[in-house]
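Below is one structure, written out as structure tokens; the observations come after it.
Chain nomenclature is as follows: A, B, C, D and E, assigned in order of appearance, with residue numbering initiated at 1 for each chain independently.
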Amino acid sequence: MTEIQLDPGIDRKIDTSAMKVTDEVAIQITGMNKWYGSFHVLRDINMTVNRGERIVICGPSGSGKSTLIRCINRLEEHQAGQIIVDGTELSGDLKNIDKVRSEVGMVFQHFNLFPHLTILENCTLAPIWVRKVPKREAEETAMHFLEKVKIPEQANKFPGQLSGGQQQRVAIARSLCMKPRIMLFDEPTSALDPEMIKEVLDTMIALAEEGMTMLCVTHEMGFAQAVANRVIFMDQGQIVEQNEPREFFNNPQSDRTKLFLSQILGH
Amino acid sequence: MTEIQLDPGIDRKIDTSAMKVTDEVAIQITGMNKWYGSFHVLRDINMTVNRGERIVICGPSGSGKSTLIRCINRLEEHQAGQIIVDGTELSGDLKNIDKVRSEVGMVFQHFNLFPHLTILENCTLAPIWVRKVPKREAEETAMHFLEKVKIPEQANKFPGQLSGGQQQRVAIARSLCMKPRIMLFDEPTSALDPEMIKEVLDTMIALAEEGMTMLCVTHEMGFAQAVANRVIFMDQGQIVEQNEPREFFNNPQSDRTKLFLSQILGH
Amino acid sequence: MSSTTDPRMAETAPKKRAFHPSMLLYDQRYRSITIQIFALFLLMLGAAWLIDNVINNLRLLGRSFSFNFLWQSAGYDINQRPIEYNSQMTHGRAALVGFLNTIILAIMGCALATVLGVLAGVLRLSKNWIVSRLVTVYVEIFRNIPTLIWILIFGAVMAESMPAPSAFRGDDPSASMIFDAIAITNRGVYVPAILFTTELGVLPLGPISPSLNWVLILAVLVAGVFANKYIIAHATRVQNATGLRPKTWWKSLLVLFGPVVVIFLALGAHLEYPELRGFNFAGGTHLRNSLLAMWLGLGIYTGAFIAEIVRGGILAISKGQTEAAFALGLQPGKTMRLVILPQALRVIIPPLISQYLNLTKNTSLGLAVGYMDLRSTLGGITINQTGRELEGMLLLMAVYLAISLTISGLMNVYNARVKLKER
Amino acid sequence: QTTLETILDRGELICGSNTGQAGFGAPDANGVWQGFDVGFCRALGAAVLNDPNAVTFVPLTSQTRFSALASGEVDVLARNTTWTFVRDVDLNLTFVGTNYYDGQGFMVTRDLGVSSALELDGATVCIETGTTTELNLADYFRVNNMSYEPVPVDTAAEAQQQYLAGACDVYTTDVSALASSRAAFASPDAHAILPEVISKEPLGPVVRHGDDQWGDIVQWTLFALIAAEELGVTSANLEELKAGSNNPEINRLLGVEGGFGEMLGLDNEWAARAIAAVGNYGELFASTIGDQTPIGLARGLNAQWTQGGLLYAPPFR
Amino acid sequence: MSDTHAQTVAYVRNEMLAPSDPPLREAGAVKWLRENLFSGALNTILTLASLLVIWYALAAIGPWLLNSVWSAGSLAECRAILDGTSGACFSVITDRWHQLLFGFYPPQHYWRPVLALALLFAALAPVLFPALPRKLMIFTAVYPFIGYHLLWGGSVWFPVSVALGFVAGYLAYVLLARVSTLIAVFGAILAPVFWWAFAAGAFDQTMSSILPLGLEFVRSDRFGGFLISLIIGISGISLSLPIGILLALGRQSDMVFLKSVCVVVIEFIRGVPLITLLFTASLLLNYFLPPGTTFDLILRVIIMVTLFASAYMAEVIRGGLAALPKGQYEAADALGLNYWKAQRLIIMPQALKISIPGIVNTFIGLFKDTTLVVFIGLLDPIGLSNAIRADTNWNGIYWELFIFIAALFFIFCFGMSRYSMYLERRLKTDHK
């Protein structure tokens, strides 16, 4: 097994002072199962995420990573088992769903910005209409987060006028504007050109440094090593292995994990 | 200034035996100026390329690199000054344009293969219709060059079925099939994933080894060092500095060059 | 080595290239001039040939080219008259009546097509298997059968399957009016008309002089729309300031319809019910078979196309947009209103307008069921009674062209306004 | 090129006909055109081309007929067309004569209980557009201070459809056409033609203005048929009379003497051929629309002047 | 397994779970019904409403259709057979079957349109199936003249003389191409014009007198029924494609004059209803032709319909052209292909491929629009239905005729649209 090199992008010192894992449970998943038709896509998922954890989920394509995190804010419905987010159980109850969704931010692979709204409007839409925040205030918050992701000057442009990396950072800012307590990322960098990946990873690291609870599907192993406190490996809809990153990369237990790691790190 | 590392791709020994610069002038550009509307994109370009030279052009985005090499085969019209390619002056005269274009091959950033034709057809199209070569012969030539770029087995596939690196190699083979005396490359590797860049650079090196006159816009500094006999740095539509590669990289003269090199090599 | 000039340059010093005739063929810059001159030449030749033929033919036929016939008495009656008209009035006036009938039909048709199309388009996306199948059947059947056949079928349904007015007569009539107000007969549908006890007179606007009552009502309605806009803007202001959006629907209803109701009452509006008198129903408004057949035929046919456009428009907005909105906590209703619709409309409206254009052009099929539109009056009876086919057809084409260009002009303005900004 | 030359070149006469009016002009089940107006065209075809079947019939609606004639699409229009001032003068057409003297009438269903046109106030009336009918109708109701609801239709067939379906109370057009329509109905007796005839409708063949030779041929073919009846020439005794008779006018008519055909630019047998093809006027009338046919029209005004009618062919002299 | 708690983070699954079946309510017919038909109050109402609609439609039409009469000589006879029950008289179709298909085309010549149609498929084959040898394209090019001759008949020399015009254009191009492509193009435009204007007539006449060959002539007014719809539709679409391409190229060109002419033509034609163009063809065309010339009404209609479709086609193709990346033009230029070669070899094949759905839609629209010719007195199926109704035997029959005509149009148009979908899918896959 080769020693893993960090992504060249992550070269600055990472400040781990706020990255503390608490004892408080943020997400609790118990015996969760999900089918698409008769295809059993998630099988007996059990997992607890404490507040402040930064979890990276990886695994081969089709292993159900996206499905898992989409279940957490109920973009997908699960059919058996229990998902409790911040004390709220996800079921058909629409109120609970709304509550969970406004507490959980999500960043998609393809950004999914609203192309007909400016960057600022993208960021203020949900606070205004969901959180009922006055517009002025929403805009201030939005500008605050846009500064944090380093693109305040783009506020009045439209998404189509930004580069991919910039768009993804806007997507992160947009989620943050809802002041979520948990952030989900679904391969946030895999649609980006190499130069842009760094911009986005930097933003995510900054977020981690502030103690955000994060679940991130990604294959950026440099990021996983630097930031995650736990790596979960999934295959065939199951959690096959989880461990803290250094152990996970250098001393994988299961054969599948070994095989997977050799593939993504080998070449 | 850091010592430049070669691109990891270029690890084999490069055979420079045929890479001889002759005294014969291949391209001669004198006092050339070009405007887009009222925007002065190329300003007083003077430059002579001898047969056998391998020139790398670099410079910040928008500095007019692409425009310059596109002027050389008249994909863009220049408004003042003179461009003489292989003894033929480029003016409105269509015959001259046709002549120059069939002597000068061009490889684009986005390959621009013809998606409705097979690889083989892509390669034989121009020889058959422009050079009036019999089909059989054109196909033989095409296979020869496809072998050279190491993808003869793909001849009957369609471009959409090939990877980016393979497509770019086909694009090179397609140009070569016209037996050009000069090849122009406009960022041939910048739309490619890292693994594929190597394949394409190898092909270009092989071409250089055979003594082809080449003008190449690229930011692959490893390639520039290994293959080029001259590096031209452009900024704001002007040639700011030119020199042989080692000198250019290790001892840049102008401040702008220094700044530029620090940016592309720094991170 | 630096970028100095080369001594060899002297040999190839620029020669002044004088103009040479062969450059017309071989030089990029001059060649396009040659081509265009050739095209101009061909065009002029063709035009001259056509004009010469027209002049010769007119001379041979002993005809003149003049639009004087428009001021001659028409002599024929038109059944559907949105403005005052009788057979003693001029051909020009008859043409105007036809034009208004065309516009009326076009507007009614577009409205029906839009309602049906949007409904069908949305239902076709419904998860309900049977509904989406049923709508698919509607769309496919109507799209793949010529509109003319539909018009004829609807015409035949009206004329063949509905009871004659006489069926409403007698002590034991075989047909009866719906709610004592609407009579569906084989000559069309009679519905109550709105009459006023107070007539304010007419607005003197040359040939078209609308009743002031209706002008007033329209004005109030428009004012209501603007007032409603203000109310919505106000709600937005309040929301911006406090974060809470006040409920506006009852205010909107009040502003939109309140004043209109008041005016109706003030002017003494009452309904005039159709009544069987003599051969036919009298009173009320008569929607003739021809109008109904055209309206249903064009509306339902075009509705099928609009359904596809709407469906496509909604599908074009990627699923990611909905998911992103959901993930932000927006409820489905708000997602539709704030995220999906604004984007879908951009996709939907341009093809929608071109469907409106098609429908408007198809109103010219009115002839098939005797609808007295512009083509039937100016382009039909007038041409026939006066023999001015050249002038009549040219005028007819000009009017349709003007309508089309106006509509597509508006569309271009819209497109330019909503275009998504991109790099 | 004159019209006659065109026709001879083409080897075919193109005749504008009705879109379908039983007895006057309609294709039968085999697509062969039959009828009174059609018969005239066949006579003309026989006269000019020596073949009554060398005639192509172009069905024309009331609206399209004059344009078709003016544009040269048809050589002659024989399609119950009324001779009016405007058509003759302003539309640059030439009416060569009258083959049927008619007037506009009204048809209603008997169970409507109407016995006079003056009781039609408020009725719904089916009319063909582009006809004198619609102009007369407007005038008639206006003069009598009555209102009506016009239902414009394009062809007689459509008018019948609407009328039978009850979409209009009244069908108005030339009385002859009413009779022909009624004859085609499933139960003709349920329909009555009202007594009022509100206009004069002299129907006749029409040609383009300007080609007098062709006009003469059409005109005198018509007169030949009428004169033949007056002179007692029938398709039965034609062969016999062609051998020569002691009536010089018959001889001139049948080309035995006088060389009239040549004066027209045809040959002398022209009239004989026309008569041979369809019979004389009376025979044509009787076989297509006369009282022995389903149409059952009486000769009335269309009797010879000698019989108290209006038919009056100028002398062949 | 138990909690994978953060503090005891390491966890390895040693044996994989096999997939299991979903809970019962997640599968089978129950689930399907629940999800698709009764997933909420609104949905349930919609389902019931739809069932009601279907029930009504079936109740209204079903018995009528099922109880139909297929053999009767007249409506009266048919009614007698039905004996007061409600039922359809499709016997009118069997009675007038040939007429509805061929109009009054001479029955002994029915083989001609049938053969023409069969040959049409042969001619289309090389266009539709790229696998066939390119040489067959020659037959495709010649087909229009064969088709014309089969349908109309007359002297063979007429279509030959028209075809020779194109040959003249081609020869002029080939000869002049040595001098300059531009001159060659001019020549290719002018040569046929001169040939047709001055030489074609004489050629036709002399050849006909020397060697009178040909099928019996059938006049246009004998054409009718679906034959006429097909003739107008097919010739309209095939002629409008090249004209549409030229108009689209003209509209894309940067030559101001040429461009504005194309824009005016396209916008004018798209701005007026087809019916006014048809009236122009039937009433006004003679004003624009030299005095005394008349030509066949069907040909005139074909010309107008072609113009009409060309404008729409031009817009469809313009869309296809716009969808092509600029790089394709540049690559063609860089390889030294000239404008026409680039268009023919690189641009058009791709642009047309992209435009296939649009082209097919235009075709379907055009085919449906052929029904408008009834307004200028051609006996298309609708015109024939009027004619049939004018016959005493069938006076008063509507629905059966409408249903038959509508069904034929539906089959054709629906088939076309399905075929275009198939084509789209096939063309997409031959890239991947």
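By our rule, contacts are C-beta pairs under 8 Å (C-beta built on N, C-alpha and C of every residue); 3 or more make two chains touch, one makes a residue touch a chain.
Just so we're on the same page, UniProt names per chain: C, E = General L-amino acid transport system permease protein.
Bear in mind the structure is a predicted one, so any value in this text is a computation, not a measurement.
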Just how much do you need to spin chain A so its Cα atoms sit on those of chain B, in degrees to the nearest 5?
165
Compute the centre of every chain as the mean of its C-alpha atoms, then state which one is farthest from the centre of chain A.
D
Sort out for me whether A-E or C-E is joined by the greater number of C-beta contact pairs.
C-E
Most central chain, judged by mean Cα position vs. mean of all protein Cα atoms, is E
Go ahead and note the Å separation of the Cα centroids belonging to chain C and chain D.
44
Computed distance of Cα centres, chain E from chain A, in Å:
52
From the mean C-alpha coordinate of chain D to that of chain E, what's the distance rounded to whole Å?
41
Which parts of chain D, given as residue numbers and ranges, touch two or more other chains?
67, 161
Touching two or more other chains in chain E are residues 283-284, 286-287
Where in chain B do residues touch at least two different other chains?
94
Of all residues in chain D, those that touch chain C in their complex
62-63, 66-67, 70, 86-87, 90-92, 112, 120-124, 129-130, 134-135, 137-139, 142, 148-154, 161-162, 165-169, 209-210
Quick check on the complex: what are the chain A residues that touch chain C?
73, 75, 98, 101-102, 104-106, 108, 110, 112-116, 125-126, 128-137, 157-158, 160-162, 171, 174-175, 178
Quick check on the complex: what are the chain E residues that touch chain D?
76, 99, 104, 219, 221-222, 282-287, 292, 294, 297, 376-377, 379, 386-387, 389-393, 395-396
In the complex, chain C touches chain B at residues 1-3, 5-6, 8-9, 12, 14, 17, 23, 26-31
Chain E - residues contacting chain A, complex
1-6, 9-14, 16-17, 19-23, 26-27
